[in-house]
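To keep things simple, chains are lettered A, B, C, D, E and F as they appear, and every chain counts its residues starting from 1.
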Amino acid sequence: MRVIPIDDLLRFVREDAPWGDLTSETVVPDVVCRAVIRAKGSGVIAGIEEARALFEHFGVTVYPHVSDGSVVTAGTALMDLEGSARAILLLERTTLNIIGRMSGIATGTREAVETVRKVSTRVRVAATRKTAPGLRVLDKKAVILGGGDPHRYTLSDMILIKDNHLALVSLPEAMRRAKARSRYLMIEVEVETVEDAVTAAEAGAGIIMLDNMTPEDVIRAVETLTQHGLRERVTLEVSGGVAGAELASYAATGVDTISMGALTHTVRNFDLSLDVLKGVFTVRLE
Amino acid sequence: MRVIPIDDLLRFVREDAPWGDLTSETVVPDVVCRAVIRAKGSGVIAGIEEARALFEHFGVTVYPHVSDGSVVTAGTALMDLEGSARAILLLERTTLNIIGRMSGIATGTREAVETVRKVSTRVRVAATRKTAPGLRVLDKKAVILGGGDPHRYTLSDMILIKDNHLALVSLPEAMRRAKARSRYLMIEVEVETVEDAVTAAEAGAGIIMLDNMTPEDVIRAVETLTQHGLRERVTLEVSGGVAGAELASYAATGVDTISMGALTHTVRNFDLSLDVLKGVFTVRLE
Amino acid sequence: MRVIPIDDLLRFVREDAPWGDLTSETVVPDVVCRAVIRAKGSGVIAGIEEARALFEHFGVTVYPHVSDGSVVTAGTALMDLEGSARAILLLERTTLNIIGRMSGIATGTREAVETVRKVSTRVRVAATRKTAPGLRVLDKKAVILGGGDPHRYTLSDMILIKDNHLALVSLPEAMRRAKARSRYLMIEVEVETVEDAVTAAEAGAGIIMLDNMTPEDVIRAVETLTQHGLRERVTLEVSGGVAGAELASYAATGVDTISMGALTHTVRNFDLSLDVLKGVFTVRLE
Amino acid sequence: MRVIPIDDLLRFVREDAPWGDLTSETVVPDVVCRAVIRAKGSGVIAGIEEARALFEHFGVTVYPHVSDGSVVTAGTALMDLEGSARAILLLERTTLNIIGRMSGIATGTREAVETVRKVSTRVRVAATRKTAPGLRVLDKKAVILGGGDPHRYTLSDMILIKDNHLALVSLPEAMRRAKARSRYLMIEVEVETVEDAVTAAEAGAGIIMLDNMTPEDVIRAVETLTQHGLRERVTLEVSGGVAGAELASYAATGVDTISMGALTHTVRNFDLSLDVLKGVFTVRLE
Amino acid sequence: MRVIPIDDLLRFVREDAPWGDLTSETVVPDVVCRAVIRAKGSGVIAGIEEARALFEHFGVTVYPHVSDGSVVTAGTALMDLEGSARAILLLERTTLNIIGRMSGIATGTREAVETVRKVSTRVRVAATRKTAPGLRVLDKKAVILGGGDPHRYTLSDMILIKDNHLALVSLPEAMRRAKARSRYLMIEVEVETVEDAVTAAEAGAGIIMLDNMTPEDVIRAVETLTQHGLRERVTLEVSGGVAGAELASYAATGVDTISMGALTHTVRNFDLSLDVLKGVFTVRLE
Amino acid sequence: MRVIPIDDLLRFVREDAPWGDLTSETVVPDVVCRAVIRAKGSGVIAGIEEARALFEHFGVTVYPHVSDGSVVTAGTALMDLEGSARAILLLERTTLNIIGRMSGIATGTREAVETVRKVSTRVRVAATRKTAPGLRVLDKKAVILGGGDPHRYTLSDMILIKDNHLALVSLPEAMRRAKARSRYLMIEVEVETVEDAVTAAEAGAGIIMLDNMTPEDVIRAVETLTQHGLRERVTLEVSGGVAGAELASYAATGVDTISMGALTHTVRNFDLSLDVLKGVFTVRLE
């Protein structure tokens, strides 16, 4: 998959070393060394391509052992590095932070996907816009690598009419305006009752978000839409703090996607180490 | 405390709406409305100032009910908003993402601080550089608001000699070079044995990081340094995956700080809602 | 509608005056003056809000006489200005260039929309991504103000499978991959024969672009899709150098949109003047 | 001629694909392919170097068949491409938009230059600052490639005293101030009468812009300046909506340049195609 | 005169406080205070407007006592400040650095201008492009405030053919190409002999730079050009390490400008102080 | 030592050639040439790495004869260049401005360091934040290359309590707050009397700045601190317009550092030349 532009990655390096890596520049001789990045837990790896792009930008040769999306266990070597010790040390924390967060997201997504798969082959686990500020593209990429659906990326790429909009305008008027804007936009509507789901489908919504409903209500919504001959016209999304044991219950309802903010807003960091190998440097650059 | 420059906050808005908020611009009339942001859980609030700066930049009046660092419970109104409905909806997700992450960090930090306080009035809980890429300043600010010590911000503002450096240079030589660089730099050394702690203190380190030691080893290190008359010369930091029940054990050892990567790398999002109030808009801007 | 961020507009001023407006700063006294911007032709005006944002950023008071989307004739005063003569002169060319291009696009779009309306109330005139580099959002906004459909904005906000993709992958495989990516993406397929249109509709495309077909072929495609019961499932777009007299012929075919690159790639500038009023300045700022 | 910095060109790619090219990344295998860019009309080509810089930045090998400034006819292959299919498809629209606009400007300029050359070997066709916002340097470069004179680029690189300045200050005072600013600045004055042309020349203007005069008035201005012995001291520019048949009339008047806003503000796009060659890709990158 | 855009000034603040002013934020209460900026030496002041723009951007009220270009003596209060103590302290060093450098340049320029004026009313002292990297516009502005001529700003705004160009192309060919580029560009030629000066003038150079000549040679060049009837056609510039006592000798030669790199490359900082007034703060902002 | 990111260096090129190097692009053929940069005075060279990075970015091969920190005499060749004549000429002024300023700073620093060394092996010469706006990192690097101590870089990387802070808060309260902020920050206090020096040391300051004291007072401060057993706990800095002959007097007092604003605020440019070699170009690129 696409690596984000190197300029965006370099901003992270600049954040971590605005006027250089004082320690490495000061105490470490300018030698070529070797290092290895290892997983310290098990899960789905993401961020390899971003780390590689950064290391290569600074002239470090990367020998990857796994690719993004691979499942690893504790101790697995993710990549070997060979190059300027100062460059490797400069990038250590930035690259580990990227891989650690992205792999954490991919691993969490994979767990949810597997929970769902046991119950349904139809339902997909989807992310939301509850990402860390500034990290939307990386967070969404990690979700995809974990097997999830990225959902919309921004407020600019879809129409999604939610309760806060409907506090200010009626649903029919909102739908009329949305359709008049463009024939190329996907339109989703958030509803909280079965009746509103039917109304939204009849009004032409392409996706309906069933928000904060119990699994029972969701099943009733699916049935009612089917009875009205509307089920196949719409994609059905379940939303609203779905977590833990509930996930399987919702997955069994017959909807198309379950969106979970926790995939990206509450991330368990994936633990990693970068170790410089002792005694193997041979070339002095100074 | 200082709010980061508005340009940095606006980058988050641009990320979330690169060519505008299609839904609000299309379906919502251009009216003035009122809205409220509420906590959906309990903890320490952070990010109020950043959210306020964003809302005010877009002409929305903010009536804050709590300030950064306040402890709140579920249901507490954090701020009322009054202004353009489109502006409020444009900023909803970005501001909630900021407050949600920062309050999550502040709340987690506070919990650790309170655990430690029961055991020691000396020890401080410190953050690391394991922050989300691009969010260093906000993450560190949230740590401070939670009562933690931010530790160094970047590779540029302190000398910290770690195992990866010592794989390439001896400690005495590293110390010599560090001191020769400048008389204004704090110098910290990471050690894994009591003996190395004494060596580092004798070599003039201002801070010693006791890495991956058991509480018993830490106690022995404190005692040994005291016996050598070196304890008062140095700040002692415990580091290395300290979590849960161990925290109190380490806090009782007599060190000065305990650094915890989890404060910023594994954040439990603080849940929030923004609700537009129905039926209270009165001014049509169109 | 939304004004693009002031920073983006200021880039245009910086382009036109990298180290200032030498003439005004050197020869013109620092007085407050009045000026008027007038249309020198007839058409649909666009860019008023962008010009206003720029003038107001530099402290010039704007009294608009028309709003974006208004139809004007030659001689119509678009806005009066009052403020620093140097600020008005600094912004003269940049604002006129913005209004001139945007109004040119809006006017051309309106002409196409009116041609189509005489024949069909269903068909919409749509833009393409053939915009001036860097001006995507302004060009699309002008299309909307002229009554057109903006179509997709970027390569990131829709799936559009074209002949160049199908040179590398089969349509069924492409559709399978597209659907597996996300349930939230609109999928469009470009076809050049009636048979391919049916295939694409059956494969689940939401929009079908009939490219470089004669009006007769388009009519046949509509009929064939209707016979297969597929017409209502898809949006039909006609594309491919449609211009002049053909427009009405295509509009009569029963499709949903006709996309025209010329709306934004071959723009007739809308002529304007900005005149400083003589003898009415009263305040000396120096 | 100089290619604008790659960062400026990459902004256009980012505009067109803020979070990637969804279609190519999703449906197209990661193979090496070949493609060709062809002219679909005849004219002067410009933008080859900019397109080349972009393709090469993304690792695509470019085999140009023509260089900037070449005259081509419909069907001419401008360049062959070989490289990652995804990279070529990512850049297709951006590069075609650049070449299409720049070649359109170069072609239009060449037509005006040829019209003038039939009448005079002295007169040059000059551009104005009526360029698309953000595209000043590319638009001016295209004018040069079409044989035109770029005129000043910005408000910072010349003094040009126009009617709007003279509404606020007298010509003698304006000239005095302009000369006092610097001895290194070219000074041009816009006049609308023969008398003012003489006054400006006597006051030391290096260039005189004869604005909105008939060809007869222009001839009279040339003669009068010659009689006063001032003709050789100044460059004479004709300005003001010169187009079509008038161009030859003005060219015959004996002035030095004729500036035409339409060269850059009303551009006929030069039509192009980029075609991926079927069945010739051999290397799978995935 | 024009103040550079605030974004450029804010870059300097960000350079000096990348993650805030730790001292002020930590130790100083958030009060309103008063402060005064005083000159600690005598000279020409420059940078007042830039400092003012920065202070006002952070909400500090500025009461200027002198304006840019004023001549002051040691002890003169340049401006009083009233506002947030933290804002004033944040900006202290940045604003003093700006005023200190700019006033140093203005003062040095004024000294050279006065030396020249005693000998000639014709000759102007001109700057070069030997400015501090990134400070071109501020350095040139300071030269103007000191009474100097800014000369060209960049490589983009004039043609200046120097010895390094003439190592690669003959003067006649260089002149032919320069004239063919545009009729709107000032053309200057650097020469080192009287004969070359005549050649350049005959070839149509508008400005001739007499480089590294003795005053006697310069006088001979002026005379020879006069004899050939070329003196009035050209501006004559003396260049090449002119300093100290030589300045008057060159000024007496009858040339038009003397350019001096030292005006901006070797600047004596103008000494200043900013003092917070004790005991006058009354409003607590916290 | 670390080279600043190329993007920062390219900003300087863009400043000097916003739309290209008109002269070289217009008059010079596109050939490969050779050139040499020579010192025109003696001193310590700095900026070689920055110049090299710029030349190499534009494809020019650099053959350095000296490295940063070398001591050279007039006439020494610093580097040979081989590459596109237009690239070399484009970069000539920018690179010479960088080397000229940085070498000027390094040379001045070296002079101060040598003066001090004759008197003391303990004392270091330190820079301040009185650098040219935007050039902090380059200025500090030049100080290091001249043998100086860079002192703090920004307001973010140390606590330094000065008189302006103490006008708003008492020293004990300031110290209490500073210590409460973090255990990782170096704390310096500025004092003007011997008594205050003792107070600051007792309060826990790590560094004490003796401001505007006579050498005699400084000696007394050292003695008094020694008597109180505080000397070894603190680093002592002398500050306040130290220059010329006084430097040796202060160096003899037994302090640790002497900071001098003049190192970076009043820089004597190091004179350089870049000469294109005649008659050695062989490859025509056009």
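Everything below uses one rule, namely that a contact is a pair of C-beta atoms (placed from the backbone, for glycine too) under 8 Å apart; a residue touches a chain by one contact, two chains touch by 3 or more.
Please read these numbers as outputs of a predicted model, since none were measured by experiment.
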**Report entry** Contacts common to chain B and chain D (chain labels)
**Finding:** A, C, E, F
Query raised in the report: When every step has to jump to a touching chain, what is the lowest number of steps that links chain C to chain F?
Result: 2
Query - Chain copies touching (chain E, chain F) - same or different residues, decided at half shared - result: same
Query raised in the report: Can you name the chain that lies farthest from chain B, using the mean of each chain's Cα atoms as its centre?
Result: D
Query raised in the report: From chain E, which chain is the farthest off, judged by mean CA positions?
Result: A
Report task. Could you grab the centroid distance between chain C and chain D? Build each centroid from C-alpha atoms only and quote it in angstrom. Result -> 22
Report task. Starting from the mean Cα coordinates of chain B and chain F, work out the distance between those two points in Å. Result -> 33
Requested in this report: Let me have the rounded angstrom distance from the C-alpha centre of chain A over to the C-alpha centre of chain D, please.
Outcome: 44
Report summary line: Note: chain D residues in touch with at least two other chains are 18-21, 136, 153, 156-158, 181, 185
Report summary line: Per the touch criterion, the pairs are A-B, A-C, A-D, A-F, B-C, B-E, B-F, C-D, C-E, D-E, D-F, E-F
Query - Footprint of chain A on chain C - complex, ascending - result: 124, 126, 144, 149-153, 156-158, 181-186, 188, 207, 235, 256-257
Query raised in the report: Tell me, which parts of chain E touch chain C in their complex?
Result: 1-2, 5, 7, 136-137, 140, 153
Query raised in the report: Contact residues on chain C for chain D in the complex?
Result: 11-12, 15-24, 26-29, 31, 33, 35, 85, 89-90, 92-94, 96-98, 100-101, 104, 129-136, 138, 154-165, 167-169, 173-174, 177-178, 181, 185, 261-262, 265-269, 274-278, 281
Report summary line: Interface with chain A, chain D side, in the complex: residues 10, 14, 19-21, 25, 86
